[in-house]
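First chain A sits with chain B, and in the next complex the same chain sits with chain C.
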Partner chain A sequence: MMKIMYPLLFVLIALFFLGPTVLAFIASMTPASEFYDYSHIFPSRLTLEHINKLLFTLGGFKALLVSIEVALISIAIAFALGIPAGYALARYAFRGKNAVTLAMLFTRSLPLIVVSVSLVTVYLRFNLADTAIGVALAHAAMILPFVVIITSSIFSSVFIEYEEAGMVFGLTRFGAFIRISLPLALPGLAASAIYGFIMSWNEAFAASILSIQNRTLPAHILATAMASPDYFKYAMATVMAVPALIFIFIIRKYLISIWGISLK
Partner chain B sequence: MNVLAKIVAQNVKKYFGEVKALDGVNITIEDGSFIVLLGPSGCGKTTFMRCISGLEELTDGEIYFDDKEISKLQPKDRNVAMVFQSYAVWPHMKVRENIAYPLKLKKFKKEEIEEKVKWVADLLNISELLDRYPSQLSGGQRQRVAVARAIVHRPEVLLMDEPLSNLDALLRVKMRSELKKLHEQLRVTTIYVTHDQVEAMTMGDKIAVMNNGSIVQYGTPEEIYKKPATAFVAGFIGSPQMNFFKCNVIEDNENQYAQFEHIRFRIPERINSRTVLVGIRPENISLEKPGGNRESLSLKTTIYFVERLMPETILHLDIGEGNRITVKIPYDIALSEGEEIEVFVTIDSLHFFDADTEERAL
Partner chain C sequence: MPHMHIKKQFIPWLLLAPSLIYLLIFMGLPIIGTAKLAFESDEGWLGNFKILFSSKDFQNALWNTLLLAVIVIPIQLVLSIFLAILVNKKFKGHQTLLYIIASPLALSDITAALMSYSIFAPNGYLNRILLSINWIERPIYFFGYMFKSKEMLVIILTEVWRATPLVFVMILAGLQSINKEYIEAAEVFGFSSWQRLWKITLPLLKPSILSALLIRTLFAFQLFGVVWLLAGRDIKVLAGETYYWYVFMNNKNVASVYALIIALLTFVVGWFYIKTIRSEHLEEGAR
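Right after this comes the complex of A and B.
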């Protein structure tokens, strides 16, 4: 009985999550002539026409590149600041530690879009308006609290004895962090990189405010979607989803763990 | 190549805020010896070891290896090695890389590293495990890898922090003798931290018993057992625990007597205390009157409880007024609860401690 139930359950869950995605993919590849024909669910043929048009005629591809650039830069900034902070939270006891953690969480109660409006004036002064770095800075601010909190929990799951052994056997404190703790934390760090990537990838409002010409994909879509035919909207959904799926697919082995061990 | 260090600690103090983890530790450890730091949890033994390794900075005092002060150096500059309680074998490196890593960091040549890893792997019987990851090893095997990693670069000082406490009982006994044999071969100055008195008694050339952040006695296992310096040491070493009686000291013209409830006996030599703690080891109490003319004390008792450990027996005896003593006899005997028996202790096997200072009075 259980032998049938488990696979059945997994199939149902998979359908629940994948079903709408697959339908959107199909809709994005349905020829315009068949799109409003309700007599059959699956179109007679699939076409990349809408996606092609979206990417190469309507500026989607350029926006996609901007999106990737923004996501990578914002992860880099958030990690450069967040990893040391997370490490410090995990390893050291200091006054106001809980307050720091709480304050970081509270920054999320201020919507990024509100901050963005005032950011624009600052950016105009520093020539950062309408640049990928400008948007990335805003996204990094959005991602940073999560990176700090996630990495601190990752580092506290890496035994401090591993580092101490490193120091006894010839590493400096910093060396022990680089050679011992960081590699051991890598699977968790990769997971939080995915998280950060997706947060930046999906963020549309701040990106819309902070850029005009160099828009990220979601901002670009937000600006053009209302005026487009429905099959373009589906094409947009596909273009948004596929790179994120590919990114997760590449990095997924780190999620499962790279040395066949759990960190605990 | 085989350099050994004499370790001298002078007035070592370590405070964590208000907590005095180490409150003035003084000790001299001869080069090449195996000494055990023994004490209850929280006594400061692990903290002291971490101070020697450099993982903990001293609040005050100095530590020397031979004549060189090392207490301000970073751990990596001290030429110490450590076996951690959790082994701390790095999970992202194979066994071979784990063992080779200290050598690599000390810039040994590649051929030399290979040769040394092979030597130590043979020594610890882990040659066939070299290409595995630590997650594929059992606890005992991981322990061996941790020891191999610690001795491969021939450190001046080897520190072991309760290395056997995570092993099962059988393996622990086996590793006890193996570690001791290993030390006889390598002769590296070793400090071994444990709370297990059996490990301490069987392994240590000398034992330093610690309590409340300082060393209360430092001596050979025999000295510690036979002449405990304080009531704490006397109570901590020995199983079952020593029996203690708080006695008043009464004098007449010639002699001093110890008086406990209705029991009174002569104190063999003059002592200066007004009240004493008299300690009797359970194994020094017998059911037969000692032969010869050894002065002895006899107690009339009622059996409260009998523990048969096979072959030895532990008796819990009522000696009146709610006081009990434990007695260990090395054989099994047909006795039942409620029976009245007389037991004997020779006066020369009694330990006398001052009741106020708890220091040995005689």
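Right after this comes the complex of A and C.
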């Protein structure tokens, strides 16, 4: 009885959590002619026609490039600012440290929804409205608290003794950080960067509010999906999901600790 | 050396300053900006609020946002506890199952909505399956103004699918940090597995459950993509109305009132969240 229970549960749970993704992938590759043919459930052949059309005729590829640009700029800003902050929280004891940590956790839970509209009015003044930079600046604010919390935990796990040993051998504190702690923290930092990339890649609300012409992929989808034929809807889902799933799979070993730390 | 002491206190703040200033500029000040926009109107400082409260839309949006949270979160919690205990049994393939359960976490809310649509659309998989086994004669419609309760059902299912992994990961992390000796001791004392769950595991999981609940509640106020793509304004939610008033009505002031309300709700729940986290920190420190 127990012997078949685990495999049975495994299959049921896997069907529930993977099912919609797999089905949408198949739907995105179903030939248009078979879409309203109810005689069979799955298509007789698969085609990349819809995905191609979405990307190269309907402006999807341009939006995809904007998405990548936004994500790269936002993680660059978030890490450039967040790594020193995370290092400070991990290595120094100072008054107000707890307050800073709690403030980061609190900012982490504030959605961009509450600032997007007010940001537009500021952006209009600084010519940032409808630019990739503008969206990236907002996304960086979303990713930054996450980076501070994560990097502080990563640096805490790198033994301070290594740095001290380096300093005994003549390195400065900064030198010890660059030559010792940073390389040891690198895998974790890389995984967090990929996670930050996905956070930006998936964000639709602020991106839609802050841009009109230079839309990111999710903003483009939000604006066009419901007016598009069904097969384009699923092509959109596939184009959004595949890179994110690949990235998540690459960093799978780090995921639980990333979530464990950043969600708490 | 007092000079050294001052310098030591100074360095961490120097390292923190860029992040703090950035967050002040891109989060702190814009929230004040949101409040300013919300109170800015030709008809007195409460003009936008009057527009808001004069229609049923706001009540609806608040009600739906809270209703969806109240329905979805308990389902997610029970499901997550079950899944976490199962994965924690470390049977063959438990690691693979962990990744499978976590996979929806990679998906954007709008991606999840479109995937869900592939199942529940008139020509979606559910209708195809039901038609092919002759269960129904013509497709069931889940979407449209006429079918609000079915839209609600689809949104609930989609949210359970999409966001249960988040709760699951938090519960699993809590479960893995429980000292095995407690469970073993309970076994020695002859507790049944049901008693072990209620008397040992769940009480020890309480802090994880509490923070998972609070985080999920925070995220519930942000619910947007799934509802907007699947139901549009048939089912109004707070974030959806923010989007609608800004993008479709071109009214940044009323949009800001909605955003401000989301911010206030976030502050209230966030305050409880920070309080629980702080008490956990203190416990860790005492250990």
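Following the convention adopted for this analysis, the second predicted complex is superposed on the first by the 223 of 264 C-alpha atoms of A that agree within 3 Å, B and C clash if a C-alpha of one lies under 4 Å from a C-alpha of the other, contacts with A are read in each partner's own complex, and residues count from 1 in each chain.
Note that contacts are C-beta pairs under 8 Å (C-beta built on N, C-alpha and C of every residue); 3 or more make two chains touch, one makes a residue touch a chain.
Only a predicted model underlies this, so the values are computations on that prediction, with no experimental measurement involved.
Novice: So, A:Ala14: does it touch chain B (first), chain C (second), both, or neither?
Specialist: The second partner, chain C, only.
Novice: If we overlay the two complexes on their shared chain A, which of chain B and chain C does A:Phe56 touch? Say first, second, both or neither.
Specialist: Once the two structures are laid over each other on A, A:Phe56 reaches no partner at all.
Novice: Where does A:Leu171 make contact in the superposed view: on chain B (first), on chain C (second), on both, or on neither?
Specialist: first
Novice: Among the partners chain B and chain C, which is in contact with a greater number of residues of chain A?
Specialist: So, of the two partners, C touches more residues of chain A.
Novice: So which bits of chain A does chain B touch that chain C touches too?
Specialist: Looking at chain A, the two contact sets intersect at 259-260.
Novice: Note which residues of chain C are touching chain A in the complex, please.
Specialist: 8-9, 11-13, 15-16, 18-20, 22-23, 26-27, 30-31, 33-34, 36-37, 83, 86, 91-93, 97-112, 114-119, 121, 123, 125, 127-129, 131-132, 139, 161, 165-166, 169-170, 172-173, 211, 215, 218, 221-222, 224-225, 228-229, 232, 239, 242-243, 246-247, 252, 255-256, 259-260, 262-263, 266, 270, 273-274, 277-278, 280-281
Novice: Can you name the residues of chain A that touch chain C in the complex?
Specialist: Counting only chain A, the residues touching chain C are 6, 9-10, 13-14, 16-18, 20-21, 23-24, 27, 35-36, 38-41, 77, 80-82, 84-85, 87-89, 91-92, 94-95, 97-98, 100, 102, 105-107, 109-111, 113-122, 137-138, 140-141, 144-145, 148, 198, 201-205, 208-209, 218, 221-222, 225-226, 230, 233-234, 236-237, 240-241, 244-245, 247-249, 252, 255-256, 259-260, 263-264.
Novice: Which of the residues in chain A come into contact with chain B in the complex?
Specialist: My answer: residues 159, 161-162, 164-172, 180, 183-184, 259-261.
Novice: Using the touch definition from the top, list the residues of chain B that touch chain A in their complex.
Specialist: Within the complex, chain B touches chain A at residues 53-55, 74-76, 80-82, 84-86, 88, 90-92, 101-102, 105-106, 133, 135, 149, 153.
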